[in-house]
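You will see chain A twice below: alongside chain B first, and alongside chain C after that.
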Partner chain A sequence: MDLEKLRETAAEVVAREDVKYLIGWKNGSYGYRVAPAFIEDAEGAAELIFSPLCISNLSTYLTLVEKLPLPRGQEPDTRKIALMVKGCDSRAVTQLLVEKGIERDGVVVIGCPCPGMIDYDLLAEKYPETEGLSEVKWTDDGFLVIRDGEETNVTRDELLAEKCRLCRYPNPLISDIMLGEPVETWEPAEDKGVEEVDKKDVNGRWAYWEEQFSNCIRCYSCRNVCPLCYCQDCILDRLNPTWVNRAVNFSENTAFNIARAFHLAGRCIECGECERVCPANIPLGRLNRKMAREVRDKYGFEPGLDPEAEPFQASYKPDDPEDFIL
Partner chain B sequence: MSAMLLNKEKWPDFVGKLTGKQLWAPQIKDEQLRFAPVAEGEEPALDYKNTRVPPKNVVFPQTETLFRFQVDGEEVDEPKLDEEVVLLGVRPCDARSMVIVDKLFSWDYDDPYYARRRELVTMVGLACSEPGLNCFCPSVGGGPASTEGLDLLMVDLGENYLLEAITEKGEALINETKELLEETRDANLEQKEKVINEAAQKIKRSIDPEGIPVGLPGLWEDSLWQRVSASCLGCGTCTFLCPTCHCFDIQDETEGFESRRCRTWDSCMFEEYTLHTSGHNPRPSRLERTRNRINHKYNYYVDKFDVIACVGCGRCINLCPVNIDIVEILKQVKEAL
Partner chain C sequence: MSANNEPNIVAFLCNWCSYAGADLAGTSRVHYPSNVQVIRVMCTGRVNPLYVMNALQQGADGVLVSGCHPGDCHYMEGNYYARRRLGMLKDLMEFVGVDPRRFHMSWVSASEGHKWKEVVEKTVEDAREAGSFEGFRRRQIDW
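For the complex of A and B:
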């Protein structure tokens, strides 16, 4: 993507009277880090980037914004929020529209066709992070890593993030402004992660998840980063009644993780943020992709594709399969 | 206090000697490095920078049963705390964090659970020879071979570990394992100095905290808090992984007629943390919570206990999902002063 074009467009968008700010990506504080940027003027727009390191899904900020009570007489700020999205991120925006979590008039969606993102852990393992800012660019067949002035060409296969290997929608499905030409889609890889768990028997699966959930420290970063976990009153925070105890043990951790997986069934758009941010390395993507696969195979439904769709969990068809009912 | 040499070939025997007590050390489990009890025959992983979750869990468990009781019953059953624990391979920053947290737990009230666990733990430290990218311990009063909080310090000298007793507990440990140890020579001590100096040179990040504690109150309404908190997700990663964060919640949890009172880690980054019964929340948004996290570490704690409640381990920087970087925040604080 042409960065000049991106920054120019962003500057135009934030100059609009009906736009409050723009959420995009900027260089982080060191190494390969990229940070969310909240841009209000042309100066800020000049910091924006779009690179193979922009893996995070910024659409979570649309619902994360705090609506505090206003002082008497003060009108709420109803200006739009502009947001940069990749293909996967755009599905979150669409799903939020389906659920009426946001209003179409409230957002300016800036689409960024995405050739695929880098897995940070793989990158840092092979090419250790240094204290200076590094840059990564797309090349015809992979990535160019520029670290401390040293350039290394890396194949796409070596560093591509798992969610991008599995991706079927690299181009934004909804946008007001599209930056650049659509990228060519690729054959999604087989989901080896889900298959690895799937081929275990029921006891094996239970043992697998028991081990994983036992590592959970209940920091709730998966919930908070998730663009579709936006309940104002989350079951996990409730104290009266306490649906999920504060104790951190296998039982409560499982209650939490399974509750989240169920609440996301037919809603998760597979952006992989939960797994990326988990400090306990729990392969949450496997859980959520398994649910997504079930919904797709059984009900032919995929969330985040059509803003006019009925929400999956709130819709019923007489011929819905019900073979799971004992 | 004595200093001895342990040849690395005798390392398994040394570990074997300690397994009579409960031994906790860094280990790789589920592809993740963490402090965990070492079973017989298991080897600790010492070639590491820092565990993701600090070993504070050993003295301040994430979930601790204070006592058990029956609904409608009269008897209260308190778990006994009498098992000695050896924490092996703890990094100097993590050991120092416990000395800092001690001040809070013995302040206006001696916390019996914490105090008892602290008594029962022997801390065997391992000086850092390869500090991590986000380590900044010297900036906040520590160092790659700081001995604060340690009973025994190990320094990796290549073929040998240099073992230095810091306290009576450490001295006792050296006596228990004496048959495996050799006398040190002057050259070893020189080598130690070299290793430590080299490690200190490798630490790249720094912040001069001078002026921050007294300056923070004046920045209460500064626009910097809006800037640094805008991207915060409000998760508990920074606080749960922080070795000095010590906030907890206490709840009664009941299953059938069995109840227990337990305390669990809590996080000031959670909305619920300061939520009043009335529904009012004095820290209503992530801005106030971020400001509190920095103020607690670099202002309130200094005011009360004369020490910064941050050991510069870099965990919150390493693992923040959105690159909120405490060194950068502190730099902005300094600029705004």
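For the complex of A and C:
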């Protein structure tokens, strides 16, 4: 993508009367770090980037922003929030519209067609992070890693993030402004992660998840980063009734992870953020993708495609499968 | 699971069909296993799928949710919602490694006392085969 064009467009957008700020990506402080940027003027817009390192899903900030009660007599600020989205992120926006978590009038969606992002862990393992800022660019058949002025060509297969291998919608599905031409879609890879667990027997799966969930430290990063975990009254925080005890042990961890995966069934748009931020490296994506697959195969529903769709768990079809019923 | 290898079953029954069906089984003196603890709810649509998880966590070896046949719901569509949500939950639990024999759902109408007996027998039998589910029990800390 042409960065000049991106910055120019962003500057135009933030200059608009009806736009409060723009959320995009900018360079972090060292190595491969990329930080979210909240841009209010042309100066800020000049910092924006879009590179294979912009893996984070910024749509979570739409609901993460704290809405304090207004002092009496003060009018609410109804200006729009502009947001840069990749293909997967755009589905989160659509799903938020479906759930009425945000209003269409409240956002300006800036679509960035996405050729695929880099798996940060793989990258840092092969090409350790430098103290100075490094850069990564797309090339015709992979990535160009620039560290301390030294350029390395890497094939796409080597570093592509898992969620991008599986991606079916790299082009934003909803946007007000589209930056650049749509990218060519690719054949999604087979989901080996889910299959690996799926082919175990029931006890094998329990053993597998027991090992994984035992590592969970209940930091709730997965919930907080998720664009669709924005319930003001999350069951995990509730004391009465206490759905999940606060104790960190296998039983409660499992209950928590089941509860969250269940709440995301038919809503998760597979942006992979939960798995990316998990400090315990729990393969949460497998859980969510498995549910997404079931919803797609059995119920013919995919979240985040159609803003007019009915929410999956708050609707039904008379001919939903019922082969499991006695 | 009690000492003599009898599974504990928690059953959520809707007020209008399955609860009445179980009642009919009782008044008709149909014999069925006594392992079932019945919890009456107004509608299966009211059964939060996490109840199932919670019951397993708190000592149940098997869970049963039963309501009106599709189309017969007292509230018109509650059981349709339940079917979708609990079907998903069953898939999820299976993927996490909870034995699918631990959770069943059924449609039992107010006139189906005999079907109720069959459903209970099946649920108890399955839970017995699946065995005690200690791994998932809530850890209680004794201070």
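The rule we apply is simple: the second predicted complex is superposed on the first by the 323 of 326 C-alpha atoms of A that agree within 3 Å, B and C clash if a C-alpha of one lies under 4 Å from a C-alpha of the other, contacts with A are read in each partner's own complex, and residues count from 1 in each chain.
Convention: a contact is a pair of C-beta atoms (placed from the backbone, for glycine too) under 8 Å apart; a residue touches a chain by one contact, two chains touch by 3 or more.
This is a predicted model, so every value here is computed, not measured.
Visitor: In the overlay, answer first, second, both or neither for which of chain B and chain C A:S29 touches.
Guide: first
Visitor: Once chain A of both complexes is superposed, is A:N249 in touch with chain B (first), chain C (second), both, or neither?
Guide: both
Visitor: Could you say whether A:I177 touches chain B, chain C, both of them, or neither, answering first, second, both or neither?
Guide: Neither: A:I177 stays clear of chain B and chain C.
Visitor: Check the residue A:S56 against both partner chains and state whether it touches chain B (first), chain C (second), both, or neither.
Guide: So A:S56 only meets chain B here.
Visitor: May I ask you to decide whether A:D320 touches chain B, chain C, both, or neither, giving the answer as first, second, both or neither?
Guide: second
Visitor: Could you look at A:A46 and tell me whether it touches chain B, chain C, both or neither (first, second, both, neither)?
Guide: A:A46 contacts neither chain B nor chain C.
Visitor: Do any residues of chain A touch both chain B and chain C, and if so, which are they?
Guide: Residues 245, 247, 249, which sit in both footprints.
Visitor: State the interface residues of chain C toward chain A in the complex, per the touch definition above.
Guide: Touching chain A from chain C are residues 49-50, 53-54, 57, 70-71, 77, 80-81, 83-85, 87-100, 104-107, 119, 122-123, 135-139, 141.
Visitor: What residues on chain A touch chain B, complex-wise?
Guide: 28-31, 33-36, 38, 56, 60-61, 64, 66, 68, 129-131, 211-212, 215, 217-221, 223-225, 237, 239, 242, 245-249, 273, 276-277, 279-281
Visitor: Using the touch definition from the top, list the residues of chain B that touch chain A in their complex.
Guide: 30-32, 52-53, 62-63, 133-134, 204-205, 230-231, 233-237, 240-241, 249, 251, 253, 262, 264-265, 267, 270-272, 284-286, 317, 319, 321-325, 327-328
Visitor: Residues of chain A touching chain C in their complex?
Guide: Touching chain C: residues 197-198, 202-210, 235, 243, 245, 247, 249-252, 254-255, 257-259, 261-262, 265-266, 287, 290-291, 294-295, 298-299, 312-318, 320-322, 324-326 of chain A.
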